[in-house]
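Across the two complexes that follow, chain A remains constant while its partner is chain B and subsequently chain C.
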Partner chain A sequence: MTRDEIFTTLSGYLQEMFEVPAERVTLQAKLFEDLDLDSIDAVDLVVRLQDLTGKKISPEAFKTVRTVSDVVDRVHDLLTE
Partner chain B sequence: MLLERLDRGWRCLGTGLFLAVIGLGGSFLALTVFPVIVLFVRDPLARQRRIQSVIRASFKLYCAAIQAFRVADIEVIGAEQLEQLRGALVIANHPSLLDVVMIMAALPHAQCVVKAGLLRHPFFRLTVQGAGYIPNDLEPEALMAACVATLRAGNNLIVFPEGTRTIKGHWKPFHRGFANIATLARADVQLLRIDCEPSALHKGNPWWKVAERRTVFRLTVGQCLDIRQFLDQQYRSVAVRKLVSFIETHYREVLGHG
Partner chain C sequence: MTPLARLHAAPFLPDQVVAFRGGERLTWGRFKAEVGGAAHELAACRSVALACQDSWRFAVCLFALLSNGASVIVAANTQPETLAALAGEVDRIIDDGFVPSLGEWGMAPVADRMLLQFHTSGSTGAAKRIGRSLAQMDMEIAALESLWGRQLAGAPTLATVPHQHVYGLTFKLLWPLAAGRPFFTRQHDLWEDVLADLPPGAILVTSPSHLTRLGGLEPVAHSPRLVLSAGAPLPEAAAAAARGLLRVPVTEIYGSTETGAVATRTRDGREGAWSALPGYGVRRDGAGLLELDAFGQTVTLADRIDLEADGRFHLRGRADRIAKIEGKRIDLDDVERILGALEGVESASVLVLEGHQPALAAVVVPSDAGREHLDRLGAFRFSRLLRKAAAAGLEPAGLPRRWRFVETMPMATMGKRRARDMAALFEDAPRLPPVSALRSTGADDVEIDLQLDPDLFWFQGHFPGHPILPGVVQVDWALHFARTELMLDLPAAREFQIKFKAVMTAGDTPTLILRHDRAKGRLTFEYRDRAIRYSSGTVYLS
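So, the complex of A and B:
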């Protein structure tokens, strides 16, 4: 998957799982402040991303994630590992 | 005129007195009754139940005394609905300091989330630990797990979705935490409504500024929502958002907020 494809997929998840309006999902958007996710939502998102990548994501690796772009990077790293 | 001033003076004195009683009475129980329970009831669950019922009885007595001394009127509507309640998430609006006292007097097997400092307090540590109250400084996931565990054990967990005291007309958006707890634990949600007229013991108001009329604190037991009607979603996170918006709308309507 390219970064663009990852972004599109992630954007879809954010819309269907957390009712985030599509226009608010940008690379710079902060998950907690701008998109109104909470830490329990983040756990659900990690589970969903594990299904997507087929790889285990440790909660620690996700602790430093702040923005949509951070998530895209993390997923991209996992897929190219 | 004189009578009115006397009444107001008495209520001011009485309010101070009753605030002192919470501190003194709490400390007294924490140093006498609760250590005895902890010493003699070794099974943690049985100990929890015992401490919970002493706290409930004390708060019942406290509310009855406030009423008897005519410091304030306290009414509970539909209290019998709570007697059989087990493993439910109990939520309420939060106008005053007395709210949690009124709820804990009316609710069996009551559990709550407390300031973490109480678990380090020399007097209250034993009681708070023994009662199984949950400290508020846990990491979000650990806090959720503790709340789910207490609900599964059959306790009723009290949460104020506004997060802090709010008075009429100053609406605060509900936090999602309570809905996360309810969906993770698959616990039913018992709605309570608290009215406090005229306002007393509210945020930002010193306790001695009592209103012209005697305050009526009224706790109304509302419906108990079956959580399953909200869980019928592909994602738990969507169920949470539906639950929050349903309950927020409900409270706005019954409390007459804009």
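So, the complex of A and C:
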């Protein structure tokens, strides 16, 4: 999966799971400040990304995630590991 | 007072008024004659479903059938589906169309067998059927009479609750019959009707579904002697409003279909403790549940209680309102209390949605302030705001994942909240791809013609004014048809690639071409319309 594809998929998840309007999902958008997600949403999102990548994601690895771009990078790293 | 088991021999005068139907006064003499006639006509029935909405007719048929020793299923309501479901197991369904001839009521009703069958409301799950005997009802009525009989002598009874549930049956019909007090044959649905018909010194049998809707009404001229509420806890605001309007404090009844009324309390300004009916014993068992001693029997109810030193008790929520979420025990009543106390919340109802993982969900009626936030922020951001505020009092597992905001809480009869009504709010409309034709082109190949209408769910907000079918949806549809048409058992974890060549938009009619390549262990898909290729991709299956 390319970064673009990961972003498209992630954008779909954010819209579907958290009702985030598509136009607000940009690479620079901050999950907590801009998209109003909270820590419980982050856990739910990690579970969904585990399903997508087929890899276990430790909550630790996700702690430093701030922006949509961070999530895309993390997923990309996992898939190319 | 006459026990119902000997009602046929009650010492009432023939012209004593038993019921009011419109302007008509129905007398004891007529009641006896109709019961006698009905018993004769229904002699062949061993089991009957009673679906009369007229309380007089219901009572006539009930005593006729019990005098015949027939079992009586009290239909929970008179909806066609309910009656159709009962039709197979009874000899006859009787409704208001049954008009008995007149006769002699000679036989005593059979009192010692569980001939009365009720349906529970299903507050926390599926409805159950509960059997009770007339003798049990008599003992309950004797307890009520010893508590209130003297002050209520002769008072007419008017009800906003149906007689099909045990509370309405006891308080609107059976107790008045035994005590020789008249009742109104119809159920009063609207407050305007109640207030127009309410005689001075009446008994009003009602519930939170009516008492929480008193807006715009003028205080009554003659206060009722007794206002009863049962079915669900009465919020303090409604209790106060009712006191102002009816000029008498509401008396709440606590009980269950299994036991009938158990305890009572008067809402005179605070939510005080409950007192058991005279002769009833209440204990707290090892699990904190209410253990009731009544009529020489001990029954454990599903409500948790705390006892006071004087034997009165406080209700602490239902035992089956403890859920296990992420391995933690969560008290749903606690969650409701905490949500209900938030500034933006008028009332909240919490339930567990069973999915691949049980998840807490909240149905919320916003307060006026909350409504403002909701309009300004939208449902999602408002829910996160509430969740943040609730996090102060709840551990993470107790914070609802999913939220719905409603104008009024879904309520069944008597103000009960039913689990299935709440769960229905979280059911999504089925979101199936819009197929116009489907062609199997081989065991491992299929072609699906799609019709992308502008009002398609997936176009909403993606993007406003520029509807584009999201890539993730294209992959999901490919997987969906791989499962349903190619019978592939696809695990959740998978790898895929997708190449976009042109956007699919509203009005397009793409064909999805799916191919399962067994040798390479992969699924390929392509969206195209004649010469236009929209996208293509591969899902790796191994």
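Heads up, the rule we're going with is that the second predicted complex is superposed on the first by the 81 of 81 C-alpha atoms of A that agree within 3 Å, B and C clash if a C-alpha of one lies under 4 Å from a C-alpha of the other, contacts with A are read in each partner's own complex, and residues count from 1 in each chain.
Simple rule for what comes next: a contact is a pair of C-beta atoms (placed from the backbone, for glycine too) under 8 Å apart; a residue touches a chain by one contact, two chains touch by 3 or more.
Source: prediction; values computed, not measured.
In the superposition on chain A, A:Val20 contacts chain C only, with no contact to chain B. When chain A is checked against chain B and against chain C, the one touching more of its residues turns out to be C. When the shared chain is aligned, chain B and chain C each come close enough to touch A:Ile40.
In the superposed model, A:Thr53 lies in contact with chain C only, and not with chain B.
Of the two partner chains placed by the overlay, only chain C lies in contact with A:Thr8; chain B stays clear of it. On chain A, the surface patch touched by chain B in one complex and by chain C in the other comprises residues 18-19, 38-41, 44. Chain contact summary for the complex, chain A toward chain C: residues 1, 5, 8-9, 11-13, 15, 18-23, 36-41, 44, 50-55, 79. Residues of chain B touching chain A in their complex: 140-141, 144, 176-177, 180, 184, 234-238, 241.
Those residues of chain C that touch chain A in the complex are listed here as 378-381, 384, 387-388, 396, 399, 401, 461-464, 470-473, 475, 492-498. Looking at the complex, you find that chain A touches chain B at residues 16-19, 38-41, 43-44.
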